[in-house]
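You will see chain A twice below: alongside chain B first, and alongside chain C after that.
Up next is the complex of A and B:
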């Protein structure tokens, strides 16, 4: 969140429509995502009530638990869902691709594509995690045996939920997050969690403003909550009677059949509006051209998916209930590096995201006003090609000499800041964008003296370039920016960050409880109550 | 004291005050700067009714499934003289609790009057505190009293207290699940602050008897269902931090007198019914009166305050309605129109807006550059 986003929200209020905060799409969207809209029974710990699931907007399957407190019905639901989800996932085992190994390593094989789950909101991601947790330890044999697909579902859902925490991963997406990443609505982030309201701002029906559509989106009668929680009024006035009616003795099969049909119809009506919204959201996002680095992040998802599929094939045990100390530290370190890389990649892909960093002084864009392409640094033993360029910018970079920068358009070239100085103030030329841009906050003129004749303070940054110019002492043509060229430089970097070093599992220090016991799947895990 | 009581009584009108419970007191800490809420709570206004009447019914409903489950779980833990609870305290927390008796204070000799119940609670707790050792009693539904904004309010009880090692402990039973030792952070936070309200109220009661605050433990026992089952599990929860927060917010509420003094003398939110069973004051008039008391709306109110839809509607066009982050970014720029005017240079910022205005103009320039002239 920055002033840029806040301004976009303000503009959304004034115009009555959501405003873009990205010019590129930063999430990968599968051609065939599996959309899942789950509902749970209020008050219980993740007791599934219904789910609408499918990879085609026309053929969603509705699963209903007619007696959500009944353990057998829950497992029947889990088994049904498992068959749909697991067969969708395993469909991606069909085709593989070879990936060239780097630096003397062999090629490796990974699946050509990966599955993608899309749920309405972050609470539904929590539902996926909890459903994974409550099913992954089950066993297909012995006491409390379940359908063999159930524990497989549990492991996959746990995997997807865990993966959803990785910045930039798109295996499991929450629609509200994905949409709000690209648009600023005229409401708060808290209200953006309501998919119907958020979509109302972005894509209002004809004859309505975004604000009106958002207000309509909050009416639980026309737009039931997108899950997993249901509308309490629906619970009290509709659901309670219908569930009670399903709780009939077996001898009245026809009456029970009728009651179950009525319950299904009521729940279908609760999830159907969200289902349509989900596909609209997917369609909207598909309409934005993807950023250049989205495909590479999806490749990382494919690698991860391939690796977990292999782990499952080798009968790896289910994910532990809690991470051990070393595993948790490793994971956190990994997430931090992934976050830094994701932030940098988004900025490099998208000028409007980069603008946030420009506003914060971590980047600037300007025009090359001077260049010494043939400059040699002869201070060392060998002479090195170190061209100098001067970039003049209207931005207010907060960078110091010595800092290393990189330009999104020239990722292979490093630029070291030699100096940052005020450039001569120039009167605004006639064709430049009106109205006046701000003076830099550091030199802000008194408030009353907003200039009638726009004057911009400019900053000249002298950069020393290294790399990406060939091996000779003369740069290859085009490898050094030429005067007049417009460029952006930033302190953000997407270069490889080494992992932190951590002890192995056996070396867990006593401060962290010492080496954790080896995980052995226990019977009690498999037979845990789910009531 | 008398003046302010009379004044708050006039604001409330000729209807009985709403009782506070730990939830409403805990909610006071979520937006302490809101004068509207402070006055309504101090006067005991029926906020849900008021909000519906003026056309903005509160968005909070409770599903009967949640209520049933909560009640069933509580009943299970308390069944047979709290047998299950005792087992948890002994086995899971290792507390050396002797044979105990169980005292339900929900009614006193068939009476449910708050005054009677509080008096009974007081005398029982006093006796227990004075008994020196552990009296070996679980007190269920003690009715406590807490000073809120300089006025005592009764706390609708939802707890059990017991005495061990010369100190009282509070037990809070909640029906959200603890899964693999972890529970929903928001729910634990809410439970912690509610328990802190009870700890504070018990401390206040004992302080009146000359006993120091250490007589009530700052660790409370939270009892929740374990994993996906109905089996209860007990956890000790340290509410020291919540006690500090609560103490600070309650002391700030003491200025209710000065807050009320700022309001027009005839102010009233009277919801008294006429013969037809509807409030005798027109809704529009009542809404105007509500507007005279300044609110401090933030989107977080949507989760906790019954007046939230009214205040949100009122805050339309304000930067506060865009969320805490936006409001913080824009600082002294309070309205959306002003933010846009400052961004396109048609408005001149006041001194305290200069920094935000400079950023806004810069942001507007960057957005235009990236999106073309349309933005």
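Up next is the complex of A and C:
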């Protein structure tokens, strides 16, 4: 946990209210997200029990599996869910937009918007992934045939769960993650996984402090767990009897009907509080102004969504159970580049996030105290415009000469660090600090004492600028920072990082087991190794 | 063979080491590039890994074959180039470098070394050396031989990018050092034999179980006082010997202290027994614990003030311990920065760095800010065996560990809680156990700060 977040958490405890750790929203929120609150049966691997799903807070639809141990009923549930989810997703096929291509490339078409799934917490993302895995290999014909929508649902859920691993992607969000990204509560990150407690810290009901609301949020009677796990007391005292009643033989249809209605009502009461919380969380996040680079990340999500929709339309096979060696290495490379870019983008969008990096010495903010805007570098064959500026800061940057920096307000301009030196102390704060003499080894003096509180030092950083100043040897007006201007520079960079070069699948080297066999989808894919 | 004591005689250790190297060379000659394509050499700290790399490269080149040498960082590459050009003068050595890279003076001083950004410019060189990242940009060509140095520091997804360039390979590295890491925290690939987050050697061995693994048995760096501790904690199944006898390494002071204080006591304990634990009162602190930081700086300074002189097989007449021969190791970068700021300006040459950056380096005296000092919890990061192993195995003479009291209790309160995945081999040494083993030894050499 970084220093600022720790401080914000301490302040949250002291004040009894969660503290914002961002001034901008860093997630995209759809106008019409599909909220999904799933529940599973305890003791069974990913056996769906119920789900409340919908893209409108007033019209959530409750799906219930009256006997989750029965696999036919599980897949009947999957079919129902598929009709809701897939039709929601395919609703976004309706409108497309043209995107201008890059250098020398044609325009391309992508969907104008993309679907967004919101679940309560990361464990629900794992549920989505597992449900996707258990349904994507099923087939609409042959033995154990399922509804044709089920494998399509499986592919989409697998796609969304994979996309959720991608830093900065917002196609599938966990509400607790999205909220905790923007507020520091007065509880531990593990406790933050409880949506009711987390929301209590941020938005307590009238007359309660955040701490009181969070404590109340841990009562499973008023705030049942947000899924996918259910409350064990509910399991023992309510659920077990209702499921047993639903299992009555067919001859007593009315009794069974009554039991199923009672089960529906009991499960509806379990998910309804979470459902309201989810929409409150969405509303809360919508109230924060979005960061400048959020839209660009959502565009990348739209590109990815368009591409996967095209893949499905072309009858692409389901995602393989595991990544092969080259695919795994490629994916890791891709994720790491996305992580670096996401970290940089958040800092550049948000001064409060940048403050964390300033404290860590990876960025500094200061005032331009000198500038040489017309400086030319004539060491090479052609003279180049390379202005110098001096930025004086009270931060303590940990950067070495030669490092490239960028300023969030001038993203097209690179700044190379020429020197970092202590700035002259201003007269009013000047203190006589005697230069420590180097004692010779022969004179053993007592061990050094703990130094006194350090004097607030100022650092002067000399930067050489390149780019973003026009083509002439004289910079365009305003393109070189002027003395008196306040600026922030950071080592974080959001510039394009090329993908690493990897062999193709057939070129998998011997060190990694050689080329894998060609993947042919088969019925066995649906069976799990342990089942 | 487990943690063998320092009593092993000099000649025996030298013979053992020579035998191990000869075994590696014989096996290397047997590789045919088809059935047998690689060997792995595990090396404890300071066991002559680079010497082996240089010797193997020179022998392959002398036999008229081309060899690509892969290291992980530019400074490792420069170091290897320098050693190779010194060991085999006249042999053409190619140094593959990135575009913006300025060749280091230790490279440019050799006439036989060519620096180029493209392999095409190094066609005449029997030995071409570059970082793994640079080799990954080489898109064609094939070398009959590769030597991969610090292979345990390389991630397997890097190996997959360069493995197409060579037919057979010698992998050399220290299994006790830090594992490679990723900025991404997912367990998507856990259990796969080609998990891209694992080290190159781990993946190589899981996919090619018939590859033979050799061990270098003698540490020439670590003194006899350090070997039993390090071997027991971090190399529990293989162990290794000290290359020097107890009388060969000595640390003495040119001056005696005026009165005594805990700092002097710690410095003297370390000089006499190779280790000391400088224990501050128990307290939970922020990472840059001001008292611990000041203690690290004060201990380093004291060695210089007292005029420490190191007597060793390299300098039987004694060599003064200068700023360049002292290092202070930490777990986090902000701690290193705080210590650097706390050092008096005249101590400027002292290396203060994190475990990651101290890997592969060697000093006379090392002061370690214990990764768990002042912490409230023991996370996987702070428990990692490799981190403590790197920090406590950089010294030729003495190591002082600075810590808040209560680390064994902290360990007892925080057993490892990492999830267990199917099909993932258990990893040894276990960080929790290694930490306990080191602390158990240090407890006996504890000096309490006032």
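As a working rule, the second predicted complex is superposed on the first by the 494 of 531 C-alpha atoms of A that agree within 3 Å, B and C clash if a C-alpha of one lies under 4 Å from a C-alpha of the other, contacts with A are read in each partner's own complex, and residues count from 1 in each chain.
Keep in mind that, in the parts below, contacts are C-beta pairs under 8 Å (C-beta built on N, C-alpha and C of every residue); 3 or more make two chains touch, one makes a residue touch a chain.
Only a predicted model underlies this, so the values are computations on that prediction, with no experimental measurement involved.
Colleague: Looking at A:230 after the superposition, I want to know if it touches chain B, chain C, both of them or none. Which is it: first, second, both, neither?
Modeller: first
Colleague: A:410 in the overlay: touching chain B, chain C, both, or neither? Say first, second, both or neither.
Modeller: neither
Colleague: Output check: A:357 vs chain B and chain C. Expected answer is one of first, second, both, neither. What do you get?
Modeller: After superposing on A, A:357 lies clear of both chain B and chain C.
Colleague: Applying the document's definition of touch, where does A:23 land relative to chain B and chain C: first, second, both, or neither?
Modeller: first
Colleague: A:322 contacts which: chain B (first), chain C (second), both, neither?
Modeller: both
Colleague: Determine, for the superposed model, which of the two partners chain B and chain C contacts more residues of chain A.
Modeller: For chain A, the partner with the higher number of touched residues is B.
Colleague: On chain A, which stretch or stretches are contacted by chain B in one complex as well as by chain C in the other?
Modeller: Touching chain B in the first complex and chain C in the second, residues 3, 322, 435-439, 441, 444, 447-448, 450 of chain A appear in both lists.
Colleague: Of all residues in chain B, which touch chain A in the complex?
Modeller: Of all residues in chain B, those touching chain A are 59-70, 175-177, 179-182, 225, 227-231, 299-300, 302-303, 316-317, 319, 321-326, 329-330, 336-337, 339-340, 343-346, 348-351, 353-371, 373, 375.
Colleague: Applying the document's contact rule, which stretches of chain A touch chain C when the two form their complex?
Modeller: Residues in contact with chain C: 3, 165, 167, 322-326, 328-329, 331-333, 335-336, 339-340, 360-361, 398, 435-439, 441-451, 454, 500-503, 507-513.
Colleague: Over in the complex, which chain A residues touch chain B? Could you list them?
Modeller: 1-11, 13-14, 19-20, 23, 41-46, 130, 133-134, 186-191, 218, 230-233, 235-236, 239-240, 321-322, 351-352, 355, 358-359, 394, 396, 433, 435-441, 444, 447-448, 450, 528-531
Colleague: What residues of chain C sit close enough to touch chain A in their complex?
Modeller: Residues in contact with chain A: 37-38, 136-137, 139, 156-157, 159-161, 163-164, 182-184, 186, 188-189, 192-197, 200, 203-204, 207-208, 254-259, 261, 263-264, 286, 290-291, 294, 297-298, 301-302, 304-307, 320, 333-334, 337, 341-342, 344-346.
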